[in-house]
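Shown next, in structure tokens, is the structure this report addresses.
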Amino acid sequence: MGVDLSVQLGPLRLKTPLMSASGCFGYGVEYAGVVDLASLGAVVVKGLFLNERDGHPPPRIVETPSGMLNAIGLQGIGVHRFVREKMPELRQLGATVIVNVCGTTVDEYVEVSKVLSDTEGVAALELNISCPNIKEGGISFGCSLAGTRRVVSAVRRATRLPIIPKLTPNVTDVASFAAAAEEAGADAVSLVNTFLAMAIDVEARRPKLSNGMGGLSGPAIRPIAVRMVYECARLVKIPVIGIGGIVSAADVLEFLIAGATAVQVGTANFVDPFIWGKLEAGLRSYLERHGIPRVADLVGSLQTGSAR
Amino acid sequence: MPVDAEAVVVSNTRLPGGYSVLEFRAPELAALAEPGQFVMVRASRCDAPLLRRPYSIFDLVRDPDGRPAGFTLLNKRVGVGSGLLYDAAPGAHFCCLGPLGRPFTLVAPPVEAWMVAGGVGLAPFATLAPALAARGVATTLFYGGRTSADIFCLDRFERHGVRVVTATEDGSLGERGRVTVPLQAALEAVPPERAVMVYACGPEPMLKAVADLATRFGRPSEVSMERHMGCGLGGCYSCVVRVKTQDGGSRYARTCIEGPVLRGDEVLWE
Amino acid sequence: MGVDLSVQLGPLRLKTPLMSASGCFGYGVEYAGVVDLASLGAVVVKGLFLNERDGHPPPRIVETPSGMLNAIGLQGIGVHRFVREKMPELRQLGATVIVNVCGTTVDEYVEVSKVLSDTEGVAALELNISCPNIKEGGISFGCSLAGTRRVVSAVRRATRLPIIPKLTPNVTDVASFAAAAEEAGADAVSLVNTFLAMAIDVEARRPKLSNGMGGLSGPAIRPIAVRMVYECARLVKIPVIGIGGIVSAADVLEFLIAGATAVQVGTANFVDPFIWGKLEAGLRSYLERHGIPRVADLVGSLQTGSAR
Amino acid sequence: MPVDAEAVVVSNTRLPGGYSVLEFRAPELAALAEPGQFVMVRASRCDAPLLRRPYSIFDLVRDPDGRPAGFTLLNKRVGVGSGLLYDAAPGAHFCCLGPLGRPFTLVAPPVEAWMVAGGVGLAPFATLAPALAARGVATTLFYGGRTSADIFCLDRFERHGVRVVTATEDGSLGERGRVTVPLQAALEAVPPERAVMVYACGPEPMLKAVADLATRFGRPSEVSMERHMGCGLGGCYSCVVRVKTQDGGSRYARTCIEGPVLRGDEVLWE
């Protein structure tokens, strides 16, 4: 039985629901040697500001139980160098490119989005209003409904590309943020970004990360992320992209069944850069085994007889 | 292009001081490796630890016909991941992603090669030494450790005609003091017209000292940097080290793909 | 060197900073055979309402990466039976007893607290305004500053016992809740309770827990909990009790250094009921190794040169 | 009082169908165990899985002098934890907390004992059978499985003079059908004046069917319940089963301390 893995993400049709998570796949080109970028639903590249950014001093990561903290601090080459130096190769490799857009001001989000709107081969913009690792911008927009609305509607006016605000889990009621994003004109939402967290070197009595705090990702957070995706998917009509701790096809399925139309894989790509083929094969065999012709049929199929 | 080899432990030889040498069978990976490259290792049977751990390729192992059969790692037990390696029994499986990273630049005669190693920093030189020997390069190993327990596997080097100079901080083997003491003496002694390339691997303060010495004496150097690595492929930006840029500024370079081997005078030491 | 493990928790002096976490140690008496209850800083017993409660149908727990979800639903014998059936044994065993007080209304919290105030041997009340597993009460108070203030000040007026509101991590700014509790008269705060989360059986396309959602606990959450404890300890003057994913003495130290005066151990007690002696020995040897005479000297000793 | 034994795998005998019998050395634990009790098991070297897994004690092992030396587990591979047990090599360490739970009530002659087992539900009967045999109780084992591959270790029972009746759903061994078919026939056949105690362990639908049959024929029964267990000591309230209360109502009982063995007519089956 041939099964159909394609999904419709607002105006965007994806070959598969499997996307790389921003910051966990470089600018995509780094992985051209291990995975056929064109085979992914989309390649979401590292967060980009208008200008180059240095990021935080090392150590930038530390492992925690079934997870890791990162405080990269959004080191990056800036949108202009990205367009010049990376996009040609990404286009040539046939990747569906989604760019993770960062800003310290609403204007910067708009500016970066405009540059990308004029760039051939950019399929959509993911608005990073949820990075816990930088002081200015980011999280400060993502933790307030007004800030979320402000960024999303400003970018909405500036581009025709599909826009996907990426939500932070560090809030009381994430679904209300999904709803605010929807109202402000988002085509989809993605969640979750990392959880603000901390690890301490008890011998030195200092934080293990140079930045003090960092963002928790990996399997540890998956059960919380699944819950949040479920809550958002029930509340909004736009598609939801599920992110958080996916390491196997079963985990992908968990998010889809909870209501995600597509997923992103971050930390697991570090552990196994060859994961993509395994996830796709796992999805196919599940669909075949259950006699489900299209992966899209699974989306939100959770039975909640006794669930609340 | 790296491969992810399901490598089988052939043997695990314990050395004093928490060190061990593990031999893995992994022909496809061994066939690709160059001196100074590393692998990202993970126990296949345990979900913890989550992330892979970077290890320099130590020896390359060949089968009786001379074909690449596998490689060894020189492991020092310091935590969870290195503990799993230390305890691994023959037959155990580890996923090894590699070979990764920028290898050492191989010099050719008449340039001499001086390798400076501290502790497990010896690892990449076990492949560099025979590669240089094969080219006919005269090589010296300056090898330092805290005590004589940190010094081992000298025979591997002597076998390839490497001249070995040891130093221990407690004087229990070779010269007393840091490895930079005999290195500096040698740099002072060698006439300027004899070309020397300095390679270094070990703790960061040692690398800095070696790179500074080399620069001071007008010698090129290459250092192999250790950083916490998330991915080994340039995806996560965790493994950075500050390097100088041509415009006189600096930037963070990813040691997993721009390194681990960097020019000693390129690193902006902290 | 003899080191001093005692800590001062508001008006309460504890022999050690090690306490059992509510719901993870039954009513204490279940563990009398494996641990000397008098050797713990305090025994925090299972959450109690005024009346008996049935709890949720099984399955009530499911394992997740480095953690577990629970949806016990606060099955319990009610405060009156507790006082009658369990307190005599707890008194006799010399345990310092802290009772986790639950309610579906402010009046119920007050009522339960009054009963316990009249009971010999109850050392303090922990106010559970953070259980994610019940619809009424609990979390609805703990997720609103007004609700938190209301419960805490009402109980404050009803009892002379030390009161310790237990905070939920499912909020945007947990420190503001600690501050609200402090203002309303709390003697200390404890955090974190579990994270609302979900796990799905992808074969059956149903939640793995009968209740649908549950609370995530265990090592997986520790980095987030440490961050939250750090934030609270910096903001409030009352002592903070750190909870979340402790499995080793190093983990206890992490919380103390981050600012916790004492800690609670939950999930790890399931994995190893003999953990208590190991934690205490680990603390002692750390203090000896570092030449620190009193564990209290560690509290909040984090160096944050480069931290934010 | 349970102990937490660092138990060493002595042998691990694979059986067909993903089953295996593991022998552990753990004298202190073995000395305390009674038929029907269980242990909470965890691999000592892996951080995952986090929680221990409950396992019935299968055989008790004695050393040549007859002193308790250890125990065996009958393990069916179904997931992560049981997979680690299935793959365990001799010498591997597991932490075993136990013995835990309420054991079977031992009857005495002239009462006969009928043990009804489904699949791995056989486990607790391997210790119950010799305990009953030692008291001179006439015992029968009704043992059912899907196919003949689910039926094994019969010799252990026959050795103690246990009469064995098997049933498989595909008819590949013994009677065709569920194990309740021969059980019901036996219940119909046995005269009322012969006292019989029915013990059951296996999948929950089987336990319910057996308990209902026993009640219908006026026979007492004890069933060993399986629940997801967090702690095994009464601390977490995860392992509950609904039981009847004297006032005609019902409540959730913790199977780890009030069970796993409960009276069949006490359980409120769903």
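Order of writing sets the labels: A, B, C and D. Residues in every chain begin at 1.
As a convention for this text, a contact is a pair of C-beta atoms (placed from the backbone, for glycine too) under 8 Å apart; a residue touches a chain by one contact, two chains touch by 3 or more.
Since this is a predicted model, take the numbers as computed values, not measurements.
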| item | value |
| --- | --- |
| Centroid spacing, where centroids are CA-atom means, of subunit A and subunit C in whole angstrom | 34 |
| Distance between chain centroids, defined by C-alpha means - subunit B, subunit C (Å) | 48 |
| CA centroid of subunit A to CA centroid of subunit B, Å | 36 |
| Of all residues in subunit D, the ones touching two or more other chains | 47-48 |
| Per-residue multi-chain contacts in subunit C, two or more chains | 65-67, 218-219 |
| Category of the chain touch graph - line, ring, star, complete, other | ring |
| Full enumeration of touching chain pairs | A-B, A-C, B-D, C-D |
| Residues of subunit B touching subunit D in the complex | 45-48, 87, 89 |
| Complex interface listing, subunit A residues touching subunit C | 57, 64-67, 69, 135, 143, 170-172, 195-200, 202, 204-207, 210-213, 216, 218-224, 226-227, 230, 245, 250, 253-254, 257-258, 286, 301-308 |
| In the complex, subunit D residues that touch subunit C | 1-2, 4, 42, 47-52, 95, 97, 227-228, 230-231, 233-241, 251-252, 257 |
| Complex contact set, residues of subunit C against subunit D | 23-26, 30-31, 33-34, 46, 54-55, 58-63, 65-68, 70, 72, 75, 218-219, 267, 269-274 |
